[in-house]
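Presented sequentially are two complexes of chain A, the first with chain B as partner and the second with chain C.
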Partner chain A sequence: MTTAAAPPARTHIPPQSDARGGSRARERNWILALVVLLVAEILYFSATVTGFFGGGTGMLALTEQFVDIGMLALGLSVVILAGEIDLSAGTMSSFSGILMAVLWRDGIEIWLAVVIALVASTLVGALNGLIITIFRVDSLLVTLAMQFILGSVATALSGGSPPYGFPSSFVTIAGTGSVGPIPYQLVVFGVFAFAIALLVGRTRTGRSIALIGFNRPAARWSGIRVDRTIVGAFMISAFMAGVGGILVSGFYNAARDDLGDSLLLPAITIVVLGGVDIFGGKGRIAGVIVATFVLGFLTEGMLVDGQSSLSATMVTGMLLIVSLALKITVDRRGGFDVRAALRQRVQRSARTEGAQ
Partner chain B sequence: MERGRSGPPAVTSAAVDPEAERHPSTLAPASARYAALHVSKAFNGAPVLRDVSILLEPGQVHALVGENGAGKSTLFKIMSGMYQPDTGELVLGGERLTDLTPRMALHEGIYLVPQEPTLMQHLSAAENLYVGALPRRRVPGLVDWARVRGEAATFFGRVGLDIDVQTPARLLSIAQQQLLECARALVHNCRVILFDEPTSPLTSHETEILFRLMDALRDDGLALGFISHRLDEIIEVGDRVTVLRDGAMVTTAERGDYSRNDIVTAMIGRPIGVRTRVRRSSDVTDRSEVLKVERLSAAPVFEDVSFTLTEHEVAGLAGLVGSGRTEIAETIFGLRRADAGEVWLEGAPLLHRSPRECIDAGLIYLPEDRARNGIFAEVDVARNVTAGIIPHLPRTWHLIRAKREESLAREVIGRTSVRTRSLGAAINTLSGGNQQRAMFSRWILAEPKVAIFDEPTRGVDVGAKDDIYDIISDLATSGLACLIISSDLEELALICDRVLVIYEGRIVGEVGHGEVTTARLGELVVGGAQ
Partner chain C sequence: MNVALEVDRTRATRRTVRHALGRAIRLREVQLLVAIGVVVAASTAAQPAFIQPGNISFMLADASATAILSIGQTVVVLARGIDLSVAPILGIAAVLVAFPAQDLNMPIIAGLGIVLAVGLVLGAANGLLVSVARIPPIIATLATLSVYGGLQFILAKGEEISNIPNAYGNLGNNDIVSGIPWVLLITAVLAIVVAFLLRSTNVGRSIYAVGNDAAAAHRSGIPVQRIIFLTYVISGVLAGIGGFIYLCHVGSVDSTTGSDSNVNLLSIAATLIGGTALTGGRGGVFGSVLGAVFLSVALTAMVFARIPSIWEPAGVGVLMLLAMLSDRRAGAPVRRARRRTAGSA
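Up next is the complex of A and B:
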């Protein structure tokens, strides 16, 4: 085994933080772009829409309108990072809110009812994950079916008249109360956002989830317990959707069995806008958190301005398409070199014209 | 200023009868020289090709050789329209091809047989043959299936592919899929066929079949391009050889004007020593047994496989592709279920095996298909290297300590001499050899007692191969028991103390100390001992 070749001299290898052009650097750039967008949006609405900024407290109060969607988005990101999808998250919120309310109406202490509802949601999430991993059915199909089942179960549980009028201690914390200028809901969102960000970014589970999303066979060959991790991801998603359902109930001071798509679709939008690759692997929770506010303030700003919710939805759709087209272009070129991309386009068209 | 030829490439084919064009088997292939002149290409600012010119002559095989990352595949991709060159031009039979697309290339008679066959797995062999060019019946929109089946057999005959035309592509071996790709080139009446490292997944026997086909195509007047890592192959089939190094042309020589050493020196920029087997401490006796595989079966793939490995030992597992060698390894590693049999590691049975349990017990497996089962392509080097020891990463409470993880990764990639810009660079920016070293790093971190290395030097260039042999040798010296699975018999003869030979799912022989030669192994792997 001797060769004349000496092993290559050990050269200094720069640390990770020095990475340029790697996937992590691109994720950072994307989050930076979202922050810029958020600031621009807030400045624009503050300047043009009276009643948006409201001395800061007005704006903070607006967050109550959308942090429940943000909760779903946080949970969904975990599943999407692993390369799966959870369409049952929307009606999971209905299920959790209704279950909590019905238990409370039947005489169970409200906070105990909350815990039971969250445990039940998490178990349904585990069921999702087990069906997907044991029978190898696509998560799109399993959770689509579960979406219908949970929606019907929620309606059936409520018996057509969802309970309302919860104790004030509950409504304050899960609903419309605030600590100084900061709504409790925003605090709850902050705590969970921090927890999920740590889970995904810093724990072994989070590492496994991302690697599974990047390349599932390679994850399996590396000894990552793929099935177990995926079941866990669905449990997290279900739990977060459950919390979202509790927050909605608190906000309206009534349980609702009609949440479904009105929560799910914006939540998926937030995840994707936040830079999480819909096929798994790439993405950071920080991006999802910023995207929650970008999308939330955009919608609320337009509503406060007196626009219809239809036009707000339309703008959301356009924002999603434009941002994704931009992001994919940037990813493919390995950096924010939009000028070079344009230059190449122009040159090519000039060449084609010249040839004709 | 000079302008490229305008419009679609209808000029050359205008004279061709459209019916004949659709069924080109009726035409004799027209010969044409195909030249790439002063081609340069950069990705994200990193130059991959610098002012490279090559000429493919009709009736010649032009072999392109160079280390991984030298730019060979990129050049072929440019010549087949998959990439656009930044500068330089392509000239086919005196005509300049501008803004070449894969579709135009096919139209002009240029076909690229890719590194990994890209057949539609669920379509039949015959359907795959005609993808994009199905013969039509008189009624518009209907396919003339009778003709597809009939002619497919003829084309398969020409490339020496002996299969039922209705066989789904997924049931074909890699070698058969490659022959099918060649047949597709014939269907399209191609004048130029570019082979991008076709032999790397093939066994020596299958390679011979491919070479005979290439000889026949050459004699028919086609211009052939051929990339390989194996010098013997280059010397065997190359009428002309061009050596690339770091994206630039080093030399071009006609057959007879170069020696094997000339090529190696040109490729790696330094002369290479002759590889000889050295006695390791592993050649001593009195070693304790670490792995025992007993009567392992998973019908119908393999049956009744038993062997043992001792510490410090490098054993080989030789066999043809499809002989069951990879399946045996995957079963030992817990990726597949066994029907019967047991695996013992250091005297303790490994029951209900999963990869995680195996790794934690000290048994690791380096997969054959690095792109699919090995690397996380877009992930940085550091996370790729630590992927095998996620449960054991240093942490405070539940949080992974990034700095400690980084220093672990840095230390281990230093041991295997991975060359990378930074720990944060995506692993797919590394050359094949460096990716493989990173895979070795991943498993060294797991501190194994037994290692199964499946095709450890596949898709790795000559220089890096030697380094990998050194890594394996060092690991064995420090006590690791290694099992090397390889199609490259020379490689097994070079690095193994003894070699087990597997044929159709059974161990048919064992070649022991001092008797390991390529000839003896070659005889056994094709079932010659029976």
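Up next is the complex of A and C:
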């Protein structure tokens, strides 16, 4: 009786505790907001910073500076979707770049060296995943330890003089070459971004990864091989970090043992900015792809404008804070739906008045 | 009858003793002391110079900055947080003391005041992000890591400040008695103060309670978010003091001090090796201090064993993994609660 008498408006309001209500739409809105931000940013820099736009091609060439970070971010987002984290991704890039370069110096054909380096990275990623799943220890700690270890290995491999001056066929594709106005690196990024987006959004594995991140017991009860999938996620992350390392080495035409150190923070920033829930289970790769360009153009715009790289890093950090604070507030309010928020507010005040 | 009772009693006593002994062996602090002893003994056997007072003093002083940071880190981790921004807090504190110390010959006590203020402000900023803005600790402090890092760069003006008055260097490098540096005394005092805070005050017990189960803590009337805020302030202040000790000990500071020597990760490693669980609510500061000493001793032993210093980070990593595997509960996955933390309603 009483339920029938309740005002119909009340049924439209999602319960306060249900954070999942309309999360699909909220993800879409978030990505839309990112796109708007990206366009605004490009317009702003094109108007104020000379040499940023460069007739369009200049801007495209700028992407070479940050698609490697995007690579790491793509891999990381898979791990983060599964509710884990991979702090070893940065030094994984150093490791893969150095391994490739050293193998090449020792007389192995460069593309074979690339393959070996990527396989090695993936295996280290598998090791990460195996330690985490077999011994049931926190991924934060395991990958932190792995970060230390890989850093040492990379330095040891590189020795006193890290290799440089790769064959031009390699530098063209992995480094500074371009097809028409589009840099090869951007093409490579596009291919991998598409592949990861398909994997996460359209395959069984991708849905399993998200479910594992969202509710692990539920994933286990529904027959998903949780441990195996998590190991796979870490392998993907390591592989992508490896590709990122190869791209950086190609871009600078030199391998350095510390080249990956500065990639991790911006990569995590991209993942979070892209709308992937840091606790796992929620997020879309499209957001991560857009966020790569948002953060990349922001950083490069500042650098072209003559700011120091550290102030760019500072802005990265602030962006991370602001975007998350915004997102968390929005999530708590129950989405971007202003009308629903208003209605809720009115209802609440009505309720408190009624109580008096 | 009487005899039987007597036998029973001795048996019981023996059992109690054995039980207490077993518990002591399982205690992380004891395990660490044994491990430190083993490393020292092995290294001394290989190279007698290892046990010289000069080297011992060096190892202990070297461990101090890490130890002080890990005390703060422990407090944060006990409440199920993590602070990745201690390195630049250390750096900023050191830079802000170094300039006036160099240019104005500022007295030490004023320097201490500066680092306390710096730690307070930066730690409070972290605390606000986590407890008010509700940003997950890993992300919040990762972000402030870069913000503070940039700030440190700006404040240091890209210079290396190395003309520090002698008074600072004396504090940082002199021994009380041969082999026991002054900075170790400071570390010990800080550890005792924080241990007292954790064990014997309401606030301390609340920190454990929040780390164990924030929802239960909230229901039993603990101001959960305020406690979390406080842990980051404590960590910030200790990181500031760590910066002061670092400056006194090393004698110079530049725009990347702290971040370049991995003190962030060292502080977490020491905390973890010291037996504090990432899941919160379990552990203590003495373990972390011993963890820092153990790291320092083990890394010095590596140098004595002629292992190139580039393997030092790998050594830390392997020790971390071993510590995790030896005590699985310490490294158990944090159940990152999807349900909103208590007190958010």
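We adopt the following convention: the second predicted complex is superposed on the first by the 314 of 356 C-alpha atoms of A that agree within 3 Å, B and C clash if a C-alpha of one lies under 4 Å from a C-alpha of the other, contacts with A are read in each partner's own complex, and residues count from 1 in each chain.
Here is the rule we use: a residue touches a chain if its C-beta (ideal position, glycine included) is under 8 Å from a C-beta of that chain, and two chains touch if they have at least 3 such contacts.
Values in this document were obtained by computation on a predicted structure and should not be read as measured data.
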| item | value |
| --- | --- |
| Touching partner for A:G223 - first (chain B), second (chain C), both, neither | first |
| First (chain B), second (chain C), both or neither touched by A:R204 | first |
| Partner chain in contact with A:S178 - chain B first, chain C second, else both or neither | neither |
| Which superposed partner A:T316 touches (first chain B, second chain C, both, neither) | second |
| Which of chain B and chain C A:Q147 touches, first, second, both or neither | second |
| Which superposed partner A:N29 touches (first chain B, second chain C, both, neither) | neither |
| Touching partner for A:Q307 - first (chain B), second (chain C), both, neither | neither |
| Contacts of A:T155 with chain B and chain C, given as first, second, both or neither | second |
| Common ground on chain A, meaning residues reached by chain C in one complex and by chain B in the other | 16, 19, 214-215, 281 |
| Complex contact set, residues of chain A against chain C | 16, 19, 83, 85, 131-132, 135-142, 144-149, 151-153, 155-156, 214-215, 265, 268-269, 272, 278-281, 308, 310-311, 313-314, 316-318, 320-321, 324-325, 328, 332 |
| List of chain C residues in touch with chain A within their complex | 82, 129, 133-136, 138-140, 142-147, 149-151, 153-154, 262, 265, 268-269, 272, 278, 308, 310-318, 320-321, 324-325, 328, 331-334, 336, 338, 340, 344-345 |
| Contacting residues of chain B [partner chain A, same complex] | 3-7, 44, 98-99, 270-273, 275-278, 280, 335, 354-356, 358-360, 365, 367, 372-380, 382-383, 387-388, 390-391, 393, 395, 398-400, 402, 406, 410, 413-414, 417, 419-426, 442, 463, 466-467, 469-470, 473, 494-495 |
| Complex interface listing, chain A residues touching chain B | 1-5, 7-8, 10-11, 13-25, 198, 202-204, 207-208, 210-211, 214-215, 217-225, 281-282, 333-335, 348, 351-352, 354-356 |
